[in-house]
Structure formats: C-alpha cells, structure tokens
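Next, two complexes with chain A in common: one pairs it with chain B, the other with chain C.
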Partner chain A sequence: MSEQTITTEEAATEHETGGISIGRVGLYATLVGLVGFYLIPIESGLVTSIKTPTALQETFPFLPPAGSGITVEKWQIAFDYLAPGMVNSMLFTIPSTILCALLGSMAAYGLTLVDWRGQIAVLALFIAGIFVPYQAVIVPLFQFWSQYMQLGTRLSFLWGLPLLEPHYATILELIITHTAYGIPIVTLLFRSQYKTMSEEMIEAARLDGASVWRVYRRIVLPLSIPMFAVVFIFQFTQIWNEFLFSLTIIGSTNDPAASATLILSGLGQSLEGTDYPLRMAGAFITALPTLLVYVLFADKFAEGVQT
Partner chain B sequence: MAETQLDDVRKVFTEDDGNEIVAVNDVSIDIEDGEFLVLVGPSGCGKSTTLRMIAGLESITDGEIRLDDRVINDLPAKERNIAMVFQSYALYPHMTVRENMAFGLEESTDLSDDEIATRVEETAEMMGIDPLLDRKPEELSGGQQQRVALGRAIVREPAVFLMDEPLSNLDAKLRAQMRTELQQLQEQLETTTVYVTHDQTEAMTMGDRIAILNDGELQQVGTPLECYHEPANAFVADFIGEPAMNFFDVTRRNADGDGAVLVGETLEYAVSNDITTAIGDRNELVLGVRPEDIDIQHSDGNPRRADGHTVPATVTVVEPTGDENIVYLDLGEDGSETAIVTIDGMSRIEAGDSVVAHIPEDAIHVFDGKTNEALHNRRVESSEPRAPNI
Partner chain C sequence: MTDGGTTEERSTLRRWLDSDIVQSSPFWLPPFLLMGFFVYAAIGWNLLLSLTEYSGFGDPDYSNLGLHNYRAMLDDPGMWAATRNTFVLLVGFTVVCLIVGLLLALLLDREIRFSRSFRTIYLLPFALSFIVTAQFWRWMYNVNNGIVNQFIGLFGIGPYNWLGSPKLVLGSVIFALVWQFSGYTMIIYLAALRSIPNDQYEAARVDGASTVRMYWRVIVPQLRPAMVSATVTLVLFALKAFDFLYATFDGYRPRRGADILATKMVRESFGRSEWAYGSSIALMLFVLSLGVIAPYLYNQYKRGNL
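Entry: the complex of A and B
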C-alpha cells in the first residue's frame, strides 16, 4: 500500500519535471524578469544613497559603488534633517490611525448590527464621504483651522505645561483632519466584515443580558481584530505618506510641526542642483515606518484580508 | 420557571413598498409552568417569529405576551430572563466553552466570579461537557457545539427556554439521541420550554403539548395524541403523521335507509347515522384516513365486500422500511386517485398486485370541504391499558 503511493508520487514528479519543461522555463524567466523590473528602482535608490559625489558621476545608477566610493554620510544628514519631521509624523499618524479604526468600527457596528430608523441615510452620508476629493476640501480646511478654530490661540493656556509645545496645536489639527477623512472608508471596511457576522450570535448575546455597548466590547470588538490589522496598515500608510493636508495645514518646511513628507519634499534640493544620494537616503528613512507596520501586523493582516 | 401567556399576539411586517405582511395572526396560547410546548408548522408559518417575539428580538404589533402575569411586550430582550438556543448554536467563536457559558451570568447577574465558575462547572458536568471547558467552539464537533449551546442556556437558570430548531443541524442518529436527552433534561429542570421545529416527528415525540401554526394562524393546541387522532382541521391531520393522512374529496348522497354514502371519484363509502349527524347538511366534504388504518388484501377474485367500505386498488410502489411496508396504491379501476397504506413488514405484497383496500368506518375523519374544519374524527379507545401479551 505505502510502496504503491510512493511509486505513484514518483511518477507524478517525473512527469512534471520531464513533461512541460519549456513552458516552465518560460514562466520562470518571465517571473525573474518581473522581479528584476520591480526591484531595480529600489536597488538603484539604495546604491545611490551610499555613493560619494564622485562615485555618483562615475558609475551607472544601478551599479554599486567601488569600495572607496561608499559613504553613509548622506544617511546621517538625511536622518538629522528628517528626525523632527518623523517625530511629528508619528505624533499625528499613530493617534489618527487608532482613532480612525476605533471610531470606524463603532460606526460600522452601529450602522450594521444595531437596528434603528434612518440607518440608510446616515450610511449614505458615510459613503459620500469616501468620494470627497482632497482638492475640494483644501481651501475650506485651511480657512476652518486658521480662521475659525485657531487652536494655537485657544489652547494657549496649555503650552506652559511641561512636554507641551505650541506647534502641537498644528499636530492636533492634523490628527482631527486625518481621523475625519479616514472614518468613512474605515467604516465601510468594518461594515463589510460585520455584515457577515452571525446575527444569531449577536441576538444570543443580547438575550444573555448584554447591552448594545457590552455586545460591541465583548463580542464584536474581539472578533474584528484581524480587520483592525488591515485598517492599521492601510490607514497608517495613507496618513504617513499624505502630503496635501500637511502642506495645507502646516504650510512650511520650516514650521516646527513639519511632517516627514513635507521635509522630504525639499530635501537635497538646492540652487546647485539635486543631491540624489541625500534624496534617496531620505526616501528610505521615511519609508521605514510603513514597512515596520506591515511586518508587525502581517499575519493578522492576512487573516483580515481573507474575511 | 414561569407561566407564559400569548394573548392575541400579532406581528405585521411592513415591506419597503408599504405592503403589509401578517406573519403571526392573533395567536393565543397559554403555556403552563414547566410545560414543554412545541410550536410546529411548515416553513414561513410564523413559528420562529412567535418565538422571537417571546424572546424580545422582534417587536409585537398587537396583543400581549405575559410572563407570570406581567406584560413583557416592551421589556428589552436582556431583561426578560429568557434563554434561547439557536439553530446555528450562535456560540461566541473567540471564547472558550467556559467563557461562552459564563458570559450570560457575567452580563445578567451580580454573582461573584467564584459563584459563576462553580455554576458553569456544575452545569458542564451535568451536560457531560466538562472535558471541553477550555476548548474553543471551532475545536468541537456539531454535537458538542449543540451541547454547549444548551449548557449556555441552562447555566443561566432562566424563566423560559426558547429553542429554535436546535437539532436540525445534527445527523439523524444524534438527533434522535438528543431528542430523548433534551426531554429528560427538561423534565429534570422543570423549566417552561418553547420549542420550534418544522419536523412533526420532533413535535410528536418531545412535546407535552404541540401548537400547530400555518400561515401565521394557530390551527390547534393539544397533546400530540389529540392532534394526531382528533385533528381540528385537515391541515393538522395532514401535517401530523408520517406518511401523511390520505384525503379524498367526496360529496354526500343520502342512502335509502340510515346513514349516507360519501361519493368520490373512486370511492363510494357508506357512513352511519352518527357521522351523517356530524356532517349536517354540508355537501362538499373531505374523507381522511391514516395509512395505518387501511388494510389491504389480495383480491384473488374475492368479491367486493358488501359493507361499502372497500375499494379495489393496484399496488404501484412498495417501500420496505423493515418493520413496515409503505404501499402506494392506485384506487379504483382506472387508478385516478392514489392512497398510501402502511402494512406489516412481513406481509408479502408487490408492485402490480391487485388488492382490495378496506377502510374501517371507525377510523375515518370527515372534514368540511370548504373550511377544512374537522366534522368527525376517528374513535379512540386509547384510555384502556394494554393487556399484557402472553
């Protein structure tokens, strides 16, 4: 019995290796070609970032520099320039990502698993929110924060406290803006999961004596952890990489609240020309946090995408 | 433990286009304390809606539901002290069995953690699921999940148990076993139970009383045997019993002397005076007889017996089930009507045989052809204890 299985398996592998080899070779060649095609820009950026100015001129962009042409100086400079921006970006990205996910999940729960009149109308507003283009809100957004809210002035009593600084007002504005802008799409993502949740299970919890809030807290929230991973990655990347709101609300690269993307936009640009190694190093440094988030939530992300 | 009363309970669903659908139409049932009541009916008859109204998961359009004389119409589900077992079991997938069972106690009582733990363990032991306490639902078989769902309801010691087709996802053997177990459990706990099913076998075997619903209307409430032998109408007669009762459309023709003759397409059935009295002056009638009450004999040139209760027939299909044979007959010379008969499993009969079917008069039911209401039901002599067979 077992011998037979082995022989059939062997036959099968032989057949596969022997039979369709030309097709296989073509397939792998294409795959390798595609991998090269997609990786070369990244590889070029990476090798460029460690080149001295001479090496930059003497070698092809995608070739690594020779021993004497290697320097990490540009990484050092880029890091020094970007560090405050990275801190600022973290300060608004992390809170808005978490707020988006929490509020979006609660909104989705309220719109999907709790019954009340007028749900559809509210849901329609949320959906419409997804399609509001950034360009359309820039001017009102600027007016809103700079003329009507003026958080910096209103919260001035806070800036005397330890650890608090006046430019945190701008950070707070960014947190609120990003959260508001992210909630519609996040709500839709959570709603798609909640719609597949067993209605009987929610009813069972209600009969077990749980209130609407307790059902969310003890049943729905723990069951949506994979979707939270998806939303964390998605929103973190979105907000971290976002440029237009930063430009509108912060305005200047020299502002103490300047975000990483805003600083990156001016990095290595000067009258003498573009400092490519510096720009490349800066781009990699700025991209690192998003990579980190992917790594941290990868397995939950995979689970969440399946649902 | 509580008496539950449904008083003219009505549920109307309004569709988006304004159409109103009456799902439950003025249903009144008094469920006694500790009773096991089965709500049975075909799908879409409103039985689940009725159950959900008792649970508080569905609002009540009209009428009253009372629990121990207290109107609970507007009481939210979580305050009704009612536990429900769902068809899908509805276990919380991210919690262990222990957490699943403790959830209700944590949410609805002020018991300390220790007391909850003790109660969960006691109930788990009673249900035989104590070895599973630390597993998650996905690691359990269907039967085990079912037990956990029951345990989760029992541990709360609710006033009423509601069960919505709890056994329908189990395989046939396990279902039969759980049926018995559930009954024993209910007797032991003496908790009022309302059980919804579309399966008439479950209804017959489990219920103290059964309530038959059709199209949102209550057809009959009674003990299983009452519903079987004294159905209130043709629907109940047809729904209860497997294989179903045979029905023949007949009209009445007065006989020369006493009684009358019920004339159908193939039948000419003589009935005596007490049945004609029950029929009154109605003319369109339905004659019903249960498959086990018809007996058949090979015709073998036997002359048709003169009592007017026989009809010639041809056997079309024989389905042996072991202890009995289910025989399908074409009645009359041309076979324009059919009937189902169950006979002893040892009798020899084959498809194609010509037989004579005898329908005893004390076994027939007569229904009004227009209203389907029962006019006459079979005679029952079940009250006498059965003599030992030595």
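Entry: the complex of A and C
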C-alpha cells in the first residue's frame, strides 16, 4: 500500500489492486449523493401520496407519515379518475408501438440493405422527421382529424357493433398519428443495426435467387428480434408519456377517450388550491406502466436512447 | 423489326421491375407515404394556414393570402418576451445538461461497482412523462412545504416562491428539466467513452499524465461527436418544451417570465383559436429547428454517418 499515497490522481488507478483509498470513498460518496438528488423528488412524491391533510402539514415532505397519518384514500380517488384513461392509453399505445416497429423495420431494410440511387435523399427525409417539432404540424393535424376526416361520423356504422364505442374513433386517430410520427426514430434505430449486418450473407442469399422479400423474412427479421425489443420498450414509453397530441386531438379531460397523461394534467384542480397527495398518487398511477417497463428493461431502454 | 422493338421494351420493363429501387419500394414506400403526409405535407399546410386570417370556428379562407401574421408578430410584446425566454431556456438548459451529463459519465466510467444500477437511477427521470415530473417539481418548489425551501432554510436562506416569481421561474424550470435530462446526456457520453480503446488510457498513464490531465487532453476531445449529437437533441427539445410548462402551471398560460415560443404557439391556436397566428409562430419554431437540423444532417452525411 506504500506507493498508494494520498493524491487523488493515483487513487484512481489503484482499483486494480482492490484497495480502498480516500479518493475512492469520495467517488462513491458522490455517486450515492447523486442517487439522492435523482430520487428525492420521486421519493417525496411517494410519501406525500399517502399522507392525511394533517400529516401533510406536520411532517417533513421527504419523511413518511406516522401510523395515524397514513391513508390510501387518495390512491383510490386517483385510481377512479385515471382508470378509464389508463385503458385508453393502452388502447392506442400498444397498437401504435407495434405498427411503428413493423413499418420502421421495413423502411430501414428498404433503405439500407437494398442498394439503389437516391436512397440517401429519402433517408435524410426520414431522419429529419425525427427532429420536427410537433408544434409545426399540430394545427393542420387538428384540422385534418376534426374537419376533414371526422372518423367518428364516417365510421358511425361500426358503433352499433358489440364491444365498439364511438370514442374509439379518437383512439384510432391517435394510433395513426403516433404511428406516423414514430416511424422516423424507429427507422433510424433499425438502420443502426442493419448497417452492421454482414453484406456477404445477404449478397450470397440474393445470388442464390432469394427475392428481396425472402431475404427480409428469412434472414433480416430473425436477426432483428433484439432490436424489436429495444424499439418496443422505447416507443411504448415515448407514446405513453406523450401529451401534446392527447391535449389537442382528444381536447378535453372529460372526453371518454382521454388518455392517462391528459387526465393527470387536470387532476384535483379546485379553487382551494392543489391537492398535492392526490396529484402525487395520480402521478404514480400514470407512471406505473412506464416505471415497470423501465425497471424490468432498463438496459434496452438505454440502448434505445443511445441511438 | 417491330418484334425486336417490343422484346427490347419488354426487357427494359423487366429490368426496371427487377431493379432494386422497385424491388425495395414495397418496404420503404408505405411508411414513407404515411410519415411524409403527416410530417411534410402538414408542414406545408401549416405554412399555408399561417398566410390566412383563420381564427375562431369554421373553415380557413385560402383566397386571401398575406404576411399580416408575421407583421403582427413584430408588434406583439408577448412575442419578444417569449423569444427571449426561449433562448435563455435553450442556452441555460443545454449547457448545464451537457456539463452535468459529462461529469456523471466520467464518474461512472471509472470501473465503479454497481455502475449499472447507478446509471439506471440517473436515467430514471428521463423515462417519466413530463406531466408526471411536473407534479413532483410543483411539490418540490412549494412555498411552504417544498423540499427546496426547507433545504435552503437550513442555511437561513429563503423561502422563495420558485414558480411564482417572474425572476426565478425560468431558472426553476431549467433546474427541473436538467434533473430530468442529465441522465440522457450521461448515456450519450458513456457510449462514446466506451468506444475509446483502452490502450489510449494506458498510454496516457505511462506518459505520467495525471487523471485530470489525461481526461482533459486525451479523452474529452474524443467526445466531441457525442457532444454535438446530444446538443442537437437538447436544443430541439428546448424549442418544443411544452408539456412540462403546461402541467406546472395548469394550463396554456405559464407564469409571467416562463412563457416560451412553444407555449405561446399552442396557447394562441388552441387557447384563443387564433389558428393562423399560431401557425405563423409554429413556422418560426420550425425554421429555428431547421437551423439546427440541416447543418447537423449535412455534417453527418459528409462524415458518412447517415
């Protein structure tokens, strides 16, 4: 240990010997402190959500309430408000996630593994689509759905059928919208993988007379399964969390098609001020699906973010 | 002669049908048309709307087009305030995120035990909806019971009305957004750090460079591409940040001092039904984004990264 002196510079190199030094301890202390910084807003929300009004006034915001100060009432109220929104969010998030993944994988294949002129120009339009601010399209989008398409009226023959309800027209609008705006990023994710695929293997298959379709079905799709997992997790989170389309296409928090994020944005508003425990309970219920997905598949999510 | 002509034509047709562009089009064309309609046609439509006088209910009148909305922008004091706030948010948020993310990545890149757990926790806020995180931060910034005021109260400072005071509100929003996004910049930097070959670290050490100098001279310069792509994402996010402000202030109008172009655009169109004016602000946002996207994509194309 003698040459491992106090300077932090050397402390950094000493991990190979497995020793403990002041620098190393400081490093871990910093990392743990940062854990506190990133978790405190969430932790404080969690303990606040189970506090009675008195406990809310009397306990520190980051400490859990004591026995009589605990109540799950706010969770029940929040759940009653949010349950239809959770169903609606699922109804549009899952189909658009799947559609995005399929269409994105096809586009990436057509633009990466099949060589043709003009590919890059089309690709550039796809990639630029990732960065377009939704504000730049939101007024025409609203016009398109509410004035020109009016799916609710056009599909009115459907609503008499069992299991179908008129507000599914809005859900369908959201599915199509989210799919269209999700395609660019998903295409980029798949392309990042397809670029690294062995060209010889695909060339060989083409020379053997396999059609473009066959190569996709037999070679590319099976190899893309890990990327499909990344895309599902990333897009599910993105679409579930989205708000601007919900706000403008659905319109009102009282609409039967209102999504979870839309209902949460207006939860517990009253003249007496904000009901914080109710808001916090609602925030956790809304975040629950994405939290679950994130905790279970954090690595896949990080992979999606990286690209 | 005629026969020869037709066979030749047929073979051109065949060759055309066999060409890769035709063969590949069933794959990329349907997604392209769907995306192209919703993205590019909508942008064109938005441009057209911004030249009309469309407001209130009913249909837009496309027969009388002009630049009056853009002239009205110049006389709108709210527009200047929103532009100024947008740039403060954009610069403050991007710079702080880049620095915090870099520090996090450098800390985690030193063969830390449980480094994956740390990484997962730092990235967690990024997986949450802005509507959710806005609820947490409203509580954090609460004047009487919020943790922020209780914390600075330990040092005998405050309490401040973080979200109510026009001087503090933008800074408070930036702080909360940095909390949510710094994990993202960290991930981008970490991916870049991992792609730097190990022998570069070794070589710098053999040369006797101190850790700080090694990072500053050898490692950080190689993170430039990662920094550029993170900057593009952050700047574009700052331009369109709307959800968080809407949820923090319970509606279309943020507290004075926190109105940005993105919130003003949505408020003018969906709050006040000034559709044409809203579209003209939207077009400005699009042009600003294009100013970031176009050089970035061109640069990526030049380097063969597309």
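Keep this in mind: the second predicted complex is superposed on the first by the 270 of 307 C-alpha atoms of A that agree within 3 Å, B and C clash if a C-alpha of one lies under 4 Å from a C-alpha of the other, contacts with A are read in each partner's own complex, and residues count from 1 in each chain.
In this section, a contact is a pair of C-beta atoms (placed from the backbone, for glycine too) under 8 Å apart; a residue touches a chain by one contact, two chains touch by 3 or more.
Everything numeric here is computed off the predicted structure, so don't read it as measured data.
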Side-by-side fit of chain B and chain C on chain A, or clash: fit
Contacts of A:107 with chain B and chain C, given as first, second, both or neither: second
Contacts of A:34 with chain B and chain C, given as first, second, both or neither: second
First (chain B), second (chain C), both or neither touched by A:57: second
Touching partner for A:45 - first (chain B), second (chain C), both, neither: second
Which of chain B and chain C A:201 touches, first, second, both or neither: first
Which of chain B and chain C A:92 touches, first, second, both or neither: neither
Partner chain in contact with A:168 - chain B first, chain C second, else both or neither: neither
Chain B versus chain C as contact partner of A:210, first or second or both or neither: first
Per-residue touch tally on chain A - higher for chain B or for chain C: C
Chain B and chain C, minimum CA distance [Å, superposed model]: 7
Overlap of chain C and chain B interfaces on chain A (superposed complexes): 211
Residue numbers on chain A that touch chain B, as the complex places them: 198, 200-201, 203-211, 214, 218-219, 222-223
Chain B to chain A touching residues, read off their complex: 55-57, 76-80, 82-84, 86-88, 90-94, 103-104, 107-109, 152, 156
Contact set on chain A toward chain C in their complex: 8-9, 12-13, 15, 27-28, 30-31, 34-35, 37-42, 44-45, 48, 56-57, 60-62, 103-104, 106-107, 109-111, 114-118, 120, 122-129, 131-144, 147, 176-177, 179-181, 183-184, 187, 211-213, 216, 237, 240-244, 247-248, 261, 264-266, 269, 274, 276, 279-280, 282-283, 286-287, 290-291, 293-294, 298-299, 301-302, 305-306
For the chain C and chain A complex, residues of the former touching the latter: 19-21, 23-32, 34-43, 45-46, 49, 59-60, 104, 107-108, 110-112, 116, 118-133, 135-140, 142, 145-147, 150, 179, 183-184, 187-188, 191, 205, 210-212, 232, 236, 239-240, 242-243, 246-247, 250, 262, 265-266, 269-270, 275, 278-279, 281-283, 285-286, 289, 292-293, 297, 301, 306
